[in-house]
């Protein structure tokens, strides 16, 4: 909140504002009886135990760092949505570590008070795209109290090219409006056919796509049909309307070797560019990731299942890397989180890291943080 | 070109001589190697071209007595001879087959399948460098072990819960094998790479540890180390 | 894993290594001010000693006297020795889950051992004090422990005890009695309570007969299937069986409603209430562990990994004394701890067989020092224990 170019007076004013804000926060914390904390653990445990979903002694907690700012305390936030992403479920029962982690994320989101307007699922619900894995994921996400918006990832898609997904969750790309923001959900993990010529079976195709470092697959793209759909969908939207785009691949080019990449990123960005405020929220990368290209801000989602190291090249200059996770602790480097949608249309991104102090990346810090050369960290090749 | 002139003069000289397989005082294994080369194809004609030191011999197959060696092959003969001259004291024989594949005999050993345009497999014989064939064999063996390690690294058969090493370590990134030995905080002692591999198998992969000399452990180590060749160290990345 | 960032509320300056201190001490004047050499085995990192409190024989004598002096409590019954008794591995001899102070007031936490505490990176179950000096004076002003209202009351009491001024003179060069000096003297005494010679150490040094076959199997399990070593690992240069970090393993989670308690406690601490009082006096707030100190959510319910030397002597176990025996502790871990939303991601069920559990218990019994007879003289100073 302090910029290098502030005058002393501006700094003093900012400090006074911050102290006042802190005061209000402390006050609100002390007024516990004014805020009610949803504590449905007994009720939830009972229901869930009956459905053999969660162990009976699990319960939810309020996510203190994630709690909404006091009512009226931050007029800049219009609303909030939460996210759970990249759960990579195996259908091996509820005691499997990936299932436990997905349930942990659901509990976190359910404990938010007030509840978010909706929950984004960021893709890669299943690990191998199998119907039983997708069903398990659907079952776990059903316990979310807030409405869920689904987005597809490559691990969900390439066993049957999306048949089961579309049957269970609906179209792979769509748009909706919410409180003045236009949301677009893309299937940005389209790959050019690499399997027919080689005669791969569906399982082989899925196995290849599920290998992050498997170079037999093609690069991710959005593709011409969806780009045409996007152009048409956005044609009726006023340029001043803030856009938020949900995409599994990052919609920019970070590292091709791991498909941290969208082949037609520039073409998609060109379609988005005319709009004043655009934010892309993407999955797939399993780490803290931040970028800005012109007027488009990009935020990565955390995975519940496992963290990834940073790619050998192409890291955006805006990203403050998280330190290497400790593999003894299955939750380290993983988590869930929420997104504050600001009145002005950009977002503050909350990373609720399970074993670390939370991190919040604000729109203001992205907008104000100009880098030499205009602030675009392109791919290194 | 200088080489062409020299080749031309050599051609004249050798055609005039028409000598096959003259050995001017070498050791018996060199001699037998030469006989192997030179006497390999009795029903084809071959021409022998000597270098001026009488120690380098190029045998060109498919040229009958009385025929001239065609220009491209003659150029090749000259190039080979000039290259051989680097090895001043060595006695080296090269057979250029009709398909231009070259076989080289030096220091009592035969080196096969040299392809024109590539580097000559002639080595400073006094140092005993490996032949190209040997190097190819060794590389094939290494690739086999690394490929097996690659397969295990990406498969779910090492662990017990479906997690594969490659999930957290795509391309063996963030494994940093060259930093071992080091104090490994999870083991609370100084570890070598295979100690950490075993710890990962036991812990995040919920599998059974491998014996240190288990072929699977060796394959995994080989794969991890092979990925790091030529990559700079940057903790947390590849 | 939660990492504790030291908060130094008042500060001696930098800490120097003991080696550097020895060099400085060589210039000291009086014989009784000669810096003591602490009994640290070779190859082991010595305890950190604050630069302004090098140990001397006079300070140790003073500290020892203070440690055993039950008059330094509001009802004359409580001294450090009350909860940290040499006859019980320097932990609580009364066998109850938690420790009791003045008037028998029961606290919320199980007193940890003082033996080898000098090696630890922080003191208390929630690591709220970084040094022995700062730890030693806190119980004096806790209403559940020694009972004084504030440090001034402690000093007032001490001033009525005539034998102290000369001891302070010998230790510090002047008869003045201050809280800082009290802490420094007790800490100096505690720094002599070191013991790193147990059968497990001999076994690891190469004596194959030092521990039983069962314990040897236990050691294999400890470093593999039972997953003990990542938090309770034994490092050769610091063989304490602790990582000195903080983890939520779910010990007391069934008892409290985290969100409500957390918010109330965080507010109380922000408003100025002492963490010490909350931790010991409020059974619910006590369960918050490191969260009380850092107010970071990931630290909710996290407690310090205790060192395991002499663990067989310091029953019952865990911060609340809720596990009565070593076997109960093993079974707690075998279950994967107690699930709660802040459970450390390193906890998981172990599927140990009965034999394996017995082997682990046998192993932990080999952590008991062989040289505790060194402290026999201290046992004589300890007060008579009430019949159980």
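A, B and C label the chains in the order they appear, each numbered from 1.
Criterion: a residue touches a chain if its C-beta (ideal position, glycine included) is under 8 Å from a C-beta of that chain, and two chains touch if they have at least 3 such contacts.
Computed from a prediction, not measured in an experiment: that's the story for all the values here.
A.B. asks: So, comparing C-alpha centroids, which chain is the farthest one from subunit B?
C.D. replies: It is C.
A.B. asks: Write down the chain pair with more C-beta contact pairs when A-B is set against B-C.
C.D. replies: A-B is joined by more C-beta pairs in contact.
A.B. asks: Determine the chain that sits nearest the middle of the structure, using the mean of its CA atoms as its centre.
C.D. replies: Most central by this criterion: A.
A.B. asks: Suppose each chain is reduced to the average of its Cα coordinates; what separation in Å results between subunit A and subunit C?
C.D. replies: Taking the average C-alpha coordinate of subunit A and of subunit C, the gap between them is 43 Å.
A.B. asks: Distance-wise, how many Å sit between the C-alpha centres of subunit A and subunit B, to the nearest whole number?
C.D. replies: Here the centre of subunit B sits 50 Å away from the centre of subunit A.
A.B. asks: Find the geometric centre of each of subunit B and subunit C from their Cα atoms only, then give the gap between the two centres in Å, rounded to an integer.
C.D. replies: Result: the chain centres lie 63 Å from each other.
A.B. asks: Residues of subunit C touching 2+ other chains?
C.D. replies: Expected reply: 230.
A.B. asks: Quick one: which residues in subunit B touch 2 or more of the other chains?
C.D. replies: 186, 203
A.B. asks: Where does subunit A touch two or more other chains at once, residue-wise?
C.D. replies: Residues 97, 326, 328, 330.
A.B. asks: Spell out the part of subunit C that touches subunit A in their complex, as residue ranges.
C.D. replies: Interface residues on subunit C, with respect to subunit A: 1-2, 230, 254, 257-260, 262-264, 266-267, 270-271, 296-298, 300, 338-342, 344-346, 348.
A.B. asks: Residues of subunit B touching subunit A in their complex?
C.D. replies: 154, 161-163, 166-171, 173-174, 185-186, 200, 203-204, 206, 231, 234-238
A.B. asks: Tell me, which parts of subunit A touch subunit B in their complex?
C.D. replies: Contact set of subunit A toward subunit B: 90, 92, 96-97, 127, 211-214, 257-258, 306-312, 321, 323-324, 326-328, 330.
A.B. asks: For subunit C, which residues are in contact with subunit B within the complex?
C.D. replies: Those in contact with subunit B are residues 223-225, 227, 229-230, 233-236, 243.
A.B. asks: Of all residues in subunit A, which touch subunit C in the complex?
C.D. replies: Answer in residue numbers: 26, 29-30, 32, 37, 39, 55, 57-65, 97, 104, 107-108, 111, 326, 328-332, 353-358.
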